[in-house]
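Sharing a structure, written as structure tokens. Questions coming.
As written, the chain order gives the labels A, B, C, D, E and F, with residue 1 at the start of each chain.
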């Protein structure tokens, strides 16, 4: 317990988290501090490229055990399954109608790659290794949740627009393509390739992450400010309860697959995190009647900060406890 | 004297200054070389974050002597006091009316963070240490000058719009918040935090500064080109006389506080520099009748290059002479 | 021969080429992956600044032999001469009219700085040195080709708008100014200046190049997708035949000048590459009736990838063979 | 200078719907349109801004389309089908264009 | 397609005044507006461009507002109070809108 | 609020021609205009987008110009001379402006 607290405290006082907090504080205080849209996108391209490449180079270095396919399958199951749990919880805990509940549920089945990056970075600073292929698991978890959510809504008589074009958009969305593409490049070029561009994608990585989290804090803070009244106590409770619940599923599957301690923590983090880029865009198209304030605020304003600050140390502590690692 | 010249020459031939000169030359020659607005803002966010963080980490490393509060107070006095001197000079040396003179005076009380960064970089390359908290002094000096300037204008019967919203905007403007926020993060996380993101905010710093100064050169050059006829000999004289005068006040207060050689130079530089981001925006709101060409050209086209090239070596030489350092 | 293949294969599997391929693939698959315009421009500013600076610092380090002037002259001759060859080929191999043929010919006389950068990077990774002044040769080769192309078109009775303003625009276009400016800064500040900003312009260079090539792949892929039907077999053949032909001219002049192995390869690469930034913009102004799809697709969609993947290794192998290096 | 009567249609719509809108316009026989970026806005669904956003969900774009009057109804029907359940606004203005053969 | 007469107001104003303008519009009962970026321009106070700028002082934005005719005067009064002493231009065009209930 | 009849001219033109267009406008006595960025578009010469572009060749800008009716013809002649052989569209709308003394 003391360990968790020390880790959580250490985590809370890292430059990464403090940068996020600065962003939130600046937005809440209505400072005009902003990161230009193009700069924010450039930062996210950098992070996706770097994390994907490093994952692929890791696979190339340590070889590919058969676990990869199983892990991908586990990711798929988590992504498609968690929305059902989330939906049931939402209907029980909150007053959301089927459409809004479905839309939110889809976000929680999918993943937040920045949460994944933050967890990787905590692992790295603790010297805990993790399977490089977890990056591919992250990529595969983006989409199935959307399908599950739309199915849930339609079963309830809600109207969802599932045109064929939407599927291509979801499966080929920029972040999936970049993450998997960089993973493939890292895998193909291996440690030699990594060495070539190490001083670009490894050394400055944490600093870039700070600036990106500053921006995410600004966006989350602005979002919180603009959505006063939207978030009821029930929704708030959901936003902090759902991540640990998802993490438990991730823990079970991660252990079942025999992942390393780091791998288990990443699997938990993926399961616990909620999408705030790919799924919102898909939901605007497929479920235009769902209120974006609800799912964006939950995912970006509540669950993301929760995972970043308390969640990740908690998942690490839990995984340590269980694996004895 | 020979020393000053050597230092000035070395300074003039550094990549930083030459990048600025390249920008000015390109703009004057009407090349279409431009840095996109989003990229320029991203560079400035990087610089503010890095300089703030390093300042905070410096305070964490060397402890906080009681001088901090006094230095903040000195900064406040300089910022609020210099506009009076500048205003008197402007009225004596130029034909500016009270509104324009007040607007310009406000710029000279406030500070240019890039000039501060350039001075820090000269100090670093000479191996001269400076108090990390000077970053906080820089931040505190941004705003009081505006108040002083508006007071000056209103005393003269000029119309200034001082709505409450403006004060929040000035005090919480993005660069102050980012600078102080990064300072706080650096302070909290200390040398360990700095080590984590060193290869992002320390090693590439000078190179980023080059690109930023290239952009500033482009903007300054375009400005000079567009404001032919605005700058009279009197204004030109003011633009190169006011910085050393400000620096003298900075020198006196810096010595009085017992700052280190580096700290004194930074205090002089702050006093000598003129704002070109925060104050112009505030002046457009508060003193819409003041002519922006005048204050922007003075601050960006004359005083900034003067400080960058001759001013900083001069202030360093003067401080050395006086402190015997 | 086996050597060429090994080198080509090694080249094809480098992170740089694979990033380009990822971009092409993403665009062809109609993924919504995009790099914001401002970020792409920022990356290109970085690359131009870095390559120019390093070239200049190289000249400062190794002294300037008399070859510089001759090499500049050779660049001028290549740039102005290649359009004639290209024009004759185009008229023989394709059905392009004089205006379109002239526009395309101008692109092939001029150069692609990214191809130059990629070649430099291949040389560096093979430990092959090259004359720093080749950067200046690159810069001087941008413009003469345009003049030659317009002359060709006008001789054929085509209408070309050669207003004086256009010449200033071409000669002072942003990339020439930045490249030559950074070259001058590198030359003036020399190895000491390079050391100051090395961790910005040297270490992360290759990684930045990867992201830039990802973007170029996206643009090239989108271009290819949008120009189906424009590229006839004749044009395709021209797009892959013209580069080696240009390279032969580069080889002859490079050998004649007595350049080093690396210098010869760079000269070949410059001669072989086709412009896709400066010349298209000039052609839109001067030859508005020329179809931009043709020249952009040829230059960006065919010749650029050809040079990047097969061309550069080929030129290196040829130069090795001939110089015995 | 000879000008011709035409309509200027301006559609402000969520960025994720842009492709669908332009596809619908093209299907309705529209031969040209221009897409402008939008920084932010306010409407019944609150205030939004592009600053710092990475995803497209929270953004909008403005699509401007010059069209002959007789084709307006087809365009509006097509646009409405896309905009209907989405946030966004559509306005039509009378205008004069040069080079009418282009529209 | 059923359309309704309305007004399209376009206000080009200095970026530091944007918040004040939109606050004034909201106070005047305007329920929606859209803000577009502006790259540069020329007017009596010279030529300016956003390229390479870090501060907001040297920039402008365009605020577009669709509104019922009967509310126009309130809007213009509000806008004028903000724009009055500042550089910038205001234009009003007759237009037709879809989904009139939104305005 | 007192308004005055004027014309709103909107010219969407290739970015490399921007300087030439604005120079021609200034020569024709136009005292002010505003340049807006354009993200992409479709026309007879195909579809284009600014995303990821480094050069200006593949981009367009929108130039908006408010002008008194009596000056319109001069403006259109000047604009047409520049646009003539280039891709791009020109539209003119009747509008009302505040502060007519500015135009």
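Things worth noting here:
Convention: contacts are C-beta pairs under 8 Å (C-beta built on N, C-alpha and C of every residue); 3 or more make two chains touch, one makes a residue touch a chain.
None of these values were measured; they are calculated from a predicted model.
With contact taken as defined at the outset, chain C and chain D are each touched by A, F. Between the chain pairs C-F and B-C, more C-beta pairs are in contact across B-C.
Counting the residue numbers used at the interface between chain D and chain E, under half appear in both copies, so the two copies meet with largely different residues.
Using the mean of the Cα atoms as each chain's centre, the chain most removed from chain E is C. With centres computed as the average of Cα coordinates, no chain lies farther from chain B than D. For the pair chain A and chain C, the distance between mean C-alpha positions equals 41 Å.
Between the Cα centres of chain A and chain D there is a gap of 34 Å. For the pair chain C and chain E, the distance between mean C-alpha positions equals 45 Å.
Looking at chain B, residues 32, 34-39, 41-42, 169, 199, 203-204 sit in touch with two or more other chains. Counting only residues that touch two or more partner chains, chain F has 36-37, 56, 93-94.
By the definition of touch given earlier, these chain pairs are in contact: A-B, A-C, A-D, B-C, B-E, C-F, D-E, D-F, E-F. On the side of chain A, the complex with chain C involves touching residues 36-39, 41-42, 45-46, 49, 53, 168-169, 172-175, 177-178, 181-182, 184-185, 188-189, 193, 196-197, 199-201, 203-204. Contact residues on chain F toward chain D in their complex (touch as defined above): 10, 12, 36-44, 60, 62, 73, 76-77, 79-80, 83, 89-94. By the touch rule above, chain C contacts chain F in their complex via residues 34-37, 40-41, 44, 165, 215-216, 218-219, 222, 226-227, 276-278, 280-285, 288-289, 291-293, 296. Across the interface of their complex, chain B is touched by residues 14, 16-17, 19-20, 45-59, 85-87 of chain E. Within the complex, the chain E residues that touch chain D are 1, 3, 6, 8, 22, 26, 31-37, 61, 64, 66, 93-99, 102.
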